[in-house]
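Shared chain: chain A. Partners: chain B in the first complex, chain C in the second.
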Partner chain A sequence: MLQNLVLIVVIVLAVFILMRLTAGDPARMSTPVFASDEILQTYREQFGTDKPLTAQLWDFVSGLPKGDFGTSFRYQEPVFSLIWQRVPETLLLAFTALVLALVFALIVGIAGARWPGSWIDRFGIAASTFGQSAPTFWIGLMLVLIFSVNLGWFPAVGFTGWKSLVLPAIAVALAVMPADLRVIRASMMDALNQDYIRTARAFGVSEARITLFYALRNAALPLVTVVGIDLGYLLGGTIVTEVVFNYPGVGQLAIDSVNARDYPVIQAITILTAMVFVFVNLVIDLLYMALDPRIRIEA
Partner chain B sequence: MVSSLPTDRAPALSVRNLTTVFQTREGVVRAVDNLSFDVYPGECVGIVGESGSGKSVASLSIMGLIGYPGRVDQGQVEFGGRDLLLLNDKQMRSIRGTQIGIIFQDPLTALNPLFTVGRQMTDVVRAHRKVSKSDAAALAVEKLRLVGVSAPESRLSAYPWELSGGLRQRVAIAMALLLDPQLIIADEPTTALDVSIQAQIIELLRSLKDQLNFSLIFVSHDLGVIRSIADRVIVMYAGHTLETSQVDALFQQPNHPYTAALLGSAPTLASDPNQPLPAIEGRLPSLNNVPKGCVFAPRCHFSTERCVSERPLLQTAGQDGRQVACFYPLGAPVNEGVGR
Partner chain C sequence: MDTVHDSKLNELRAALSAGQLGRRDFLKQATALGLSLSGAIGLLARWGASPVAAQDAPSGTLVIANAEPPTSAQWDSYTVFGLVDAQVASLVHDSLLGYDSVDGTIVGHLATAWEMTSPTTMQLTLREGVTFHDGAPVTAEDVKATLDRAGDPEGGMAWHGLIFPAMSVNIIDATTIEVVTEAVFGPLEKSLAVAPIFPAADIANPEIFKERAIGAGPYKWVSYTENKVTMEANTEYWGGAPGIQTVVFDYIQDANARISALLAGQADIITRCSSEQLDRVSGDDNYYVVDAPPLTQIVCIYQNRDNLASKEVRQALAFAIDRQAIVDGILMGVGKVPYSAIATNAPGYQEQPERFDYNPDKARELLAAAGFEDNLTLTMATTTLVPHQKEIDQAIAQFLEDVGISVDITTLEVGAFRTSYNQYDLTLNTLASFNYDPDFTLGFYAGATAEAVWSLNDPAIQPLIDAQRQASGDDRLAKINEMAAYLWDQQPTLYLSDELWPFIVSSKVQNYERVPVVGEPLLRFATKSE
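Then we have the complex of A and B:
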């Protein structure tokens, strides 16, 4: 627990300092290029960026325990509600992508471990190599080109219902699927080679039950780990896809805020993402205990 | 060729010319080469040999558990009026656990660490019989009690790694006995255990065999263990059968130089602690490069040119179905039997 707290503090400081080190004045970003020094000064006073760094840090940190992340420079709205409005879209995208990736990785990974070298195994390896090598933005653009521009099946940008979800979800799923598939295949192969699998076979337990119950249960620990890493990636890493598809999620907000040097929003998104990451890791540790009785005993 | 044990009963298991090969990078390797033996009801046949002699592969071949890159190349395994090697997966599965039970070497790795003892045992019952979970659990308790597990009901909820080594192996034996098989294959069941526990487990297996009258194939590298439980013994080396004999006769007078060397290298209470133990010089031949003649010839003190160039076949030697694969078997009465 303590190490998680230290982690959050380090992230708070790092994001604060990094933002101030970035070139660009928030006041200039919010005003026309010909704005006079007086106008700029008014903006700086309003944003609080005229104060010394220590005072700015205190303003920022003192609000955190109350859940007050400050006011957005650009939107003049409380940061938290600004982010909160975008969360459902991002969650929807992240979980749709996760489900797509997991379903594919589980089916192909288990089949690949069961029948190594079979056509489905080779297909899985090819697909995961492709997903791992091709950059997400390129996959996004190709999907738009093929399915929106040429075929016209799905909208290219924005959010207008479930159809808007399909292409971004596939793009994100292709980014997380390779790791899932590799971990599932490797851990299933390892489990299937264990002595207790031979025992189950020697006692006439059916192959389907051996694979989907005995082996998969033992392969579940690495799987849970990789899903945790996926969640971390998905909650921060849908950024590129959201930008490519102009999808109205948290990632899009983060990029806009970086461009506008909207410090409070960037700081809040970074900290919240870090907290979610820490929380997900905690849940995974608890899941370990539920899945493996040996860990339960040690704890 | 065929073992001719004087008996009026039909064998429970009859293995003929069993050959199991493995596909390796260097080529096809014969892990078990032309193995033949019978197991009669209520009898214990010991298979002895060092690591890599093919004894475990032989027992797995009988169960149809040889997976890629290995396969049974030829032979018959007659059991219950059928050739097990000709059965399809489903037929074979219905025999495993019900008519043939198996006990593996290390019960810690042979039992699934994430499932309780009760779960694993009831799963076996329910893989073969349509019974309720509680009936299956009752059967598991009965068998655990049979193998001398104290408080069997409470053990059902234990995980394998929560039990001691001896208790774990008792659980594995109870699992093998669950559905009252006629044949039990014990693949080095005492090797992973302490010596004192070894003796308990062997005694348990012997009394269970007498009580339940199942046939037992007992695989071990330890001649002393084999002597204490087996009725008959098969000596394997590099996939080949070198000698097969009634156990007492074998220990009285080994016919094959390998068996003699093996017996000679075991310490006894009479051996001088200041003298180094005699060991068999050289190493087990690589299965990629098995000698053309007798497989033991390179390490044999008695080998001749004939041993190197020509492979001795397993021949009847003496009485009680004794057979030896050697041109110059040890022991006087045997020489008359061979040399025909």
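Then we have the complex of A and C:
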């Protein structure tokens, strides 16, 4: 726990310092090239970037215990509420994509392990190769062209309801699915070759029961690991998709904020993402213990 | 004041005011008297009626997709410079003067009449019975509070000095005011045409601009959420209700997403399109293109110091770079090569005798005369701020290499570029005028701005700026040309191309037109069929 707290403090300081070291004056990002020094100074005073670095750091750090991440330079509203407005859309996208990826990976991965070399196994390998090699932005563009522009089935941009979720979720799911599928297939193949499976078959247990209960349970541990990695990816991996679909989530906000040098928003998104990542890892560790008593005993 | 003395026109005016003559009949009779249609429309608006105000109740929703959001989500138009800021201001607020036709004729809006009573004093008659969106009347005090602040050199307003000179307002009576400038200021009419009038109460409490905007324009500001600015029709607008009920300015960062939104019917207009986007709708009757750009130039900014302090070297660069080839080959025609230092659509633009057409031999000759033969190295920073910037910069570098100039290119992220561009000899950028007057950009070449942007300190320039500001009519156009000619000869920057600002519009939108300013003053005349 202490280790995690230290990690978050290091991230807070690193983000604060790195943003200031990166070239790009927020005042200049808000003004045209011909803006006079007086105009620039007005913006710097408004943003607080005219203060010494230590004063800026103190302003930032002193607000954190109260959940005060400051005020966005661009949006002129409290950063926390700005991010909070967009969290539901991003979570919805991330979890829909994860569910899609897992359902596909489980069905095709288990079938592929059960019938190696079959058409479904080959289909799974082809799909995972495609998902792994095609860039997310390209997949997003193709989905929009086919299903929004040509067929008119789904919206091309924005979020107006469940229909807006379909294409971005497929684009993100295609990015995380390959790793899930490969892990499930490999661990299921390994499990299905174990002695206890042969014994179960000898006892006349049905193939469906052997696959879904005995083998899958033992193959689940690597899957939990890979889902943990998926969640880490999804925290940052939705950014490209959100831009391609103009999806109003935290990722889009992060990109806009980096472009505008909106320091308070960038700092808050980075810190909150780091905290969620630490929390997810903790949950994964606990899940290991729940799924495999040997880990609990060793601990 | 350009008062029309013709007695028949005055009769028409009286009949119009008395309600004995409809707007269409007025236009018919005025054009029959020999007036151009745009002139008649101008008079119609000035004398108290909207030329083509919607006959039906406003209907439909218009979505305009931009590549940028508002500058900083606060609605004080005098402190921000973004495209969306100007779009919102032009719809939510009204100004004393304004635009009602594509030819850029200035007509009365909150003022019904105006005249210069001295070289530094403009007297205006305010329109009666106009209200802000909260129901409060627009008064002379509101006008004074707004313009006094814009004209205060110590007021900290970003637009001061660029669009507005030092000026103040005297209230003569409830409907008569005087705008008094400290010095003669030629572009005053054009500046007042883009000067939104705010309630005096808002001026006294500027924090309110962070929450909302209240004006007297054809649209009421409703909200700004998730990068969308939403406005609803003001059916009480003095010029008649606008044609479209709801207007949304949507920020769609990605260029592909913008064109997809248009093609999928989620946006009706996309702004400042690239040649690739134009190609996507080329030949498609479902879309049309409107391109009435403000005075916008794509320039390669030189730092006029060290080796580029020499006029011969700068002229050599102008001869070395094939601007037409860049416009044709990279901008794919979405640009127009100027032969003067101001945009080709600027009032006062005249092609200069020396065109600086592509002539590498002449470039080498000038370089040799300046003491450079294959031994000049320039630094250049590039990024993605301007469309096709990297390709244009590569082309410029190649043209310069061809005449023996080495170019050391550094690629920067946009933020780093905007902060450090003036540390490099050459950087591509755009310059736009917000008030349809070349004075706006000509002013950048003197004083602190010239030092900061171009490392330029040329004492000959300020008198030229003052001369065009203090002139009027045709004399002013001649003075503008004099200054443009001087700059063109000096070549303190590379005037690469006009930026054409093509907007792609869905054919569901009718009567959508633009006047060469950044905002959308003619949008109230547009309608949309579902």
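Just so it is clear, the second predicted complex is superposed on the first by the 296 of 299 C-alpha atoms of A that agree within 3 Å, B and C clash if a C-alpha of one lies under 4 Å from a C-alpha of the other, contacts with A are read in each partner's own complex, and residues count from 1 in each chain.
What we mean here is this: a contact is a pair of C-beta atoms (placed from the backbone, for glycine too) under 8 Å apart; a residue touches a chain by one contact, two chains touch by 3 or more.
This one's a predicted model, so the numbers in the text were calculated from it and none came from an experiment.
Engineer: Once both complexes are superposed via chain A, do chain B and chain C end up clashing or fitting?
Structural biologist: When both complexes are placed onto chain A, chain B and chain C end up side by side without any clash.
Engineer: Now for A:292: first (chain B), second (chain C), both, or neither, which partner does it touch?
Structural biologist: A:292: touches chain B, not chain C.
Engineer: Pick one for A:217: touches chain B only (first), chain C only (second), both, or neither.
Structural biologist: first
Engineer: Does chain B (first) or chain C (second) touch A:152, or do both, or does neither?
Structural biologist: Touch status of A:152: second partner only.
Engineer: Per the contact definition in the header, classify A:87: touching chain B only (first), chain C only (second), both, or neither.
Structural biologist: Once the two structures are laid over each other on A, A:87 reaches no partner at all.
Engineer: Measure off the angle at the C-alpha centre of chain A toward the C-alpha centres of chain B and chain C in the combined model, and quote it in steps of 10°.
Structural biologist: 160
Engineer: With both structures placed on chain A, which of the two partners, chain B or chain C, ends up touching more residues of chain A?
Structural biologist: C
Engineer: A:200 contacts which: chain B (first), chain C (second), both, neither?
Structural biologist: After superposing on A, A:200 lies in contact with chain B but is clear of chain C.
Engineer: Once the two structures sit on chain A together, report how near the CA atoms of chain B get to those of chain C, whole Å.
Structural biologist: 49 Å.
Engineer: On chain A, which stretch or stretches are contacted by chain B in one complex as well as by chain C in the other?
Structural biologist: Common interface on chain A, chain B vs chain C: nothing in common.
Engineer: Under the definition above, what is the set of chain A residues touching chain C in their complex?
Structural biologist: Chain A reaches chain C through residues 22-25, 28-39, 42, 72-77, 85-86, 141, 144-145, 148-149, 152, 155-158, 243-246, 248, 252, 255-256, 258-259, 261.
Engineer: Where on chain B is chain A touching in the complex?
Structural biologist: 63, 65, 89, 93-98, 101-102, 104, 106, 109-115, 123-124, 127-128, 159, 161-162, 175
Engineer: Within the complex, which stretch of chain C touches chain A?
Structural biologist: Touch residues, chain C against chain A: 69, 71-74, 79, 81, 156, 158, 161-162, 210, 225-227, 250, 252-254, 256-257, 260-261, 263-267, 301, 412-416, 418-421, 429-432, 444, 448-449, 452-453.
Engineer: What residues on chain A touch chain B, complex-wise?
Structural biologist: Per the touch definition, chain A meets chain B at residues 194-196, 198-207, 209, 214, 217-218, 291-294, 297.
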